[in-house]
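In what follows, chain A forms one complex with chain B and a second complex with chain C.
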Partner chain A sequence: MINLEICLGTACHLMGSEEIFSSIEKLPKNLRAKIIVKGMHCLGACDQGPNVRLNGTIYHQMTPLKLAELLAEYGGE
Partner chain B sequence: MRLALDIAQASMAKQGEELCGDSLEVVRRDGEIMVVLSDGLGSGVKAGILSTMTVKMAAKLLARGLPLEETVDTINRTLPICKVRGLAYATLNIIHINKDNKVRLIQDDAPPAILINPSMQEVLPLRGQKKYIGGKVIFDGEFEIEEGQTLLIVSDGVPHAGVGAVLDLGWGMEGVLNYVQKKLTSIEEPEKWVEEILEVTKVLYADEPGDDATAIAIRARKPRNLMLVSGPPSDKRLDSEFCTRLKEFNGRKVISGGATANMVARELKLSLQTELLYDDPSVPPIAKMAGINLVTEGILTINKTLERLKSVLSGDILSSKKDGATLLAKELMKSEEIFFCIGTAANPAHRALAPAITYPQRVPAFAEMVYVLERLGKYCFLGTFPSCIKLVLRR
Partner chain C sequence: MPRLLTEIDKIRRQVLTEVARLAFNGQILRKIEDLPYKLYEQGIRNYRCCQFKERAVLKERIRLALGEDPVLDREPLVHAAIRSLKKEKIKGPMLKVIDIACDHCPIDAILVTDACRNCVAHSCVNTCPKKAIQIVNGKAMIDKEKCVECGLCAKACSFGAIVHIQRPCERSCQANAISSSEDRHAIIDANKCVACGACTIGCPFGAISYKSEILPVVKKLRAKSEVIALIAPAIAGQFGRGVTLNQVVRGLKELGFAKVKEVALGADEIADLEANEKTATWLTNSCCPAYKKYIEKQFPELESHLSKQLSPMAYLAKKIRLEKPESYLVFIGPCLAKKEEVCEVDAVLTFEELACLFVARDINLATLSEMALDERATKYGVGFACAGGVSKAITNIKPIKVKTASGLEECKTMLLLARAGKIEADFLEGMACLEGCIGGPGTLVEAKFARRVLEKELSEEEKELKKTV
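Moving on to the complex of A and B:
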């Protein structure tokens, strides 16, 4: 399973974390089934948002495309 | 004891219409509350304009202190009568609740009000005495609302539900009363009452409402107090005291801000779970923490809450949305004494990213919120930590 934590704090929200969150819905069904999504109030890197944490590793300046690529990698696809 | 009042409203437009022909205005003046509901003749834009004209006129006159009789008289003499049907173009309901919990109910061509009294397991239809004001028959009644009671007002679209569809003659006021009696013990919140009544109304119309329908519920309850904390203290050594003060506060508790929520979770060893619901995409999601009534994001939610409170001040009722700003506005509206305790720590990342969301900008947002809340009849105390605690202890 992939543990995906999305920071939804003020700075990340302003930088587009809602877009990151809604992009999960558009992922292929088989990949989506492997992801456990959780919201976070702050990942402590507000100036580099939007931030996400994938299986414990923090990734900065996330975009829906970048996240889809990372998730595919983590999902072994 | 002066009771606090929670007001909820739900409306539904006739099938095929964009606009609901029922209109509502809430006037708050010198600690008194006046709720005005009008149902415009027919449906759609025309009915909407007529009922809006009626409630706006009534609200303006009441807000300027004109007595109820004179307000009703002025409206009856001013608004036109339909030449074909010989009816007024809009109905009128005025509920006036004063500081001593006395309710005056004035109804012109509207279904009887309903008093829900859970402690006595009673549901009573309320119809005042017949009077003639401005050449029209008006029902004028007075009673004292008690703690736990709910006053329910509906427009005629509610008792008419089912006419010619599910039921031959609709469920009528008797049907509405029976339904309320059945739900007496299971529903408490006014929001839930109006939601449920409109839901049944919709079902009886077989999902195609034949008329505009509105339900308003006003519940009387004991006054509440609330503490809102936003921002950690500037001195990290005070974090523990800040969190203990919040924990020990006797009332409802709200945390506004991610860093503050993380600090409280850490200091009080509580788990913080962020929800992933975007009911309004411009407001970041809320979070849950045991013992805390609401956890929201900080400055964006505060500014959106301020917008919602300003709309309440101008006579609107808060929507049933579940975003942080609407929920926070509801928490504030349900409290009578509100303590704002602001921590002065600045988030260095925020300072670099957006100067508008750092501490010095947060205080004016709260100051404006206090100004709006005070005009809504709330007692507010705003201070920075630790001096804000003195305000709490002094009460």
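Moving on to the complex of A and C:
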């Protein structure tokens, strides 16, 4: 399983974390099934949002495209 | 958002946030000159040819954030800042072209591509009303002297081999207010512009943007004046999933707003007044300022059909002003056209500008406690945020026939039909933005997400009401 935590803080929201969230729904079904999504209040890097945490590792300046690539990598393991 | 978030939005938001941060800390004059360098260091780069142009564009974006016109001269930012800090109100036109950011894109409107197969039918040659197309060396060729750029050939080609290219700014503008100068940079004709803001989204170079009003608002907040926030109905869901309206209210208080009022309260009363307004034939709404301006400028003969009522924002502001003459009224909404609406409101912020103020003050709405509004509007008033909402509110009061249109393109069709007497309706609802206010250029989330949140909130409210009854 992949633990995906997405920051919903205002700084991350301003830089597009909502799009990150909605992009999860558009992933291929078999990949989506492996992901546990959780919304977070802050991941502590507000000037580098949107931030996500994947199985404990924080990634900054996330975009739906970058995340899809990362998830495919994590999902392939 | 009317479309997915782009780099342009992110850059604009970073600029607004940094300017707001300086303003809150009282460091504008000391640090504004360094801001282009700071933003460049922060990663706003690799978009233009070199760092000098990058910073020159940033400088213009900062000028807009300060509420000043972009000018592209050697004037130091600090001079613009001094001027701006003295201003009580930022005056329109609010939409401005940043000349140095404009790509001066080519205007070869009709182009035959390599996909041309030199087919037997030659639909392009046959459809051209000006006989401007010939077949040369096995390919269609357009005689530029004869071509009137009607685009019929592009539609006729079975291969889609002829493309009709329009400058994206011009294409986005339904009011035909954008043209190009001799050196091909975009020009906005203020006499035609309805300030809908579609061009700020249309230009992929971010060369059209709006003058921000964050500076005068921050000034009032810092001075601890009685600043009252008038929040638009479209606010539902704007600050992301997990953030409730009551958290936004708490956030506004933390920013220094003395009071928060829902504009939907005004909408409730306007719906009532509009439903009972007497007209000879049909009536149309006056709440959408871009749509109203569009009628005034493009369909002056239909002006008499416009509702005589104030917009909910203006109505509520007038009411509050009577009670509190000294207060400073800030409308917060999804709209750029509101920035040019003349009324008792002192400043207009978009949801985007408000979010930048929160971030500048390190206020994280997601972590705040709830704070309820002391007065809530009905679901009909709140419904004004979505296309069709005004009609719903009115038909709830009086069963009349309505017709709705959202997006200026659809509005234009509706108005043309109405002018020709081909619409059988008592009330025409026009919204300049697709989907209504939730699709406005100053929003933070996609319209479909906002609509989902709004519908959920309204249905929950109804359930609660039933419980208490």
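Keep this in mind: the second predicted complex is superposed on the first by the 76 of 77 C-alpha atoms of A that agree within 3 Å, B and C clash if a C-alpha of one lies under 4 Å from a C-alpha of the other, contacts with A are read in each partner's own complex, and residues count from 1 in each chain.
Following the convention adopted for this analysis, a contact is a pair of C-beta atoms (placed from the backbone, for glycine too) under 8 Å apart; a residue touches a chain by one contact, two chains touch by 3 or more.
Predicted, not measured: the structure shown is a model, and the values here were computed from it.
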| item | value |
| --- | --- |
| Touched partner set for A:Gly16, first chain B, second chain C, both or neither | second |
| Contacts of A:Cys46 with chain B and chain C, given as first, second, both or neither | both |
| First (chain B), second (chain C), both or neither touched by A:Leu8 | both |
| First (chain B), second (chain C), both or neither touched by A:Lys26 | neither |
| First, second, both or neither for A:Lys38, with chain B first and chain C second | first |
| Contacts on chain A seen with chain B and repeated with chain C across the two complexes | 8-11, 13-14, 17-18, 21-22, 39, 41-42, 46-47 |
| Complex contacts: residues of chain A adjacent to chain C | 8-11, 13-19, 21-22, 39, 41-42, 46-47, 64 |
| Chain C residues within the chain A interface of the complex | 4-5, 9-10, 13, 17, 42, 239-243, 251, 352, 355-356, 358-359, 362-367, 444-446, 449 |
| Chain A-touching residues of chain B, taken from the complex the two chains share | 257-259, 261-262, 272, 274-276, 278, 281, 284-285, 287, 295, 297-300, 347, 349-350, 352-354, 357 |
| Chain A to chain B touching residues, read off their complex | 6, 8-11, 13-14, 17-18, 21-22, 37-42, 45-47 |
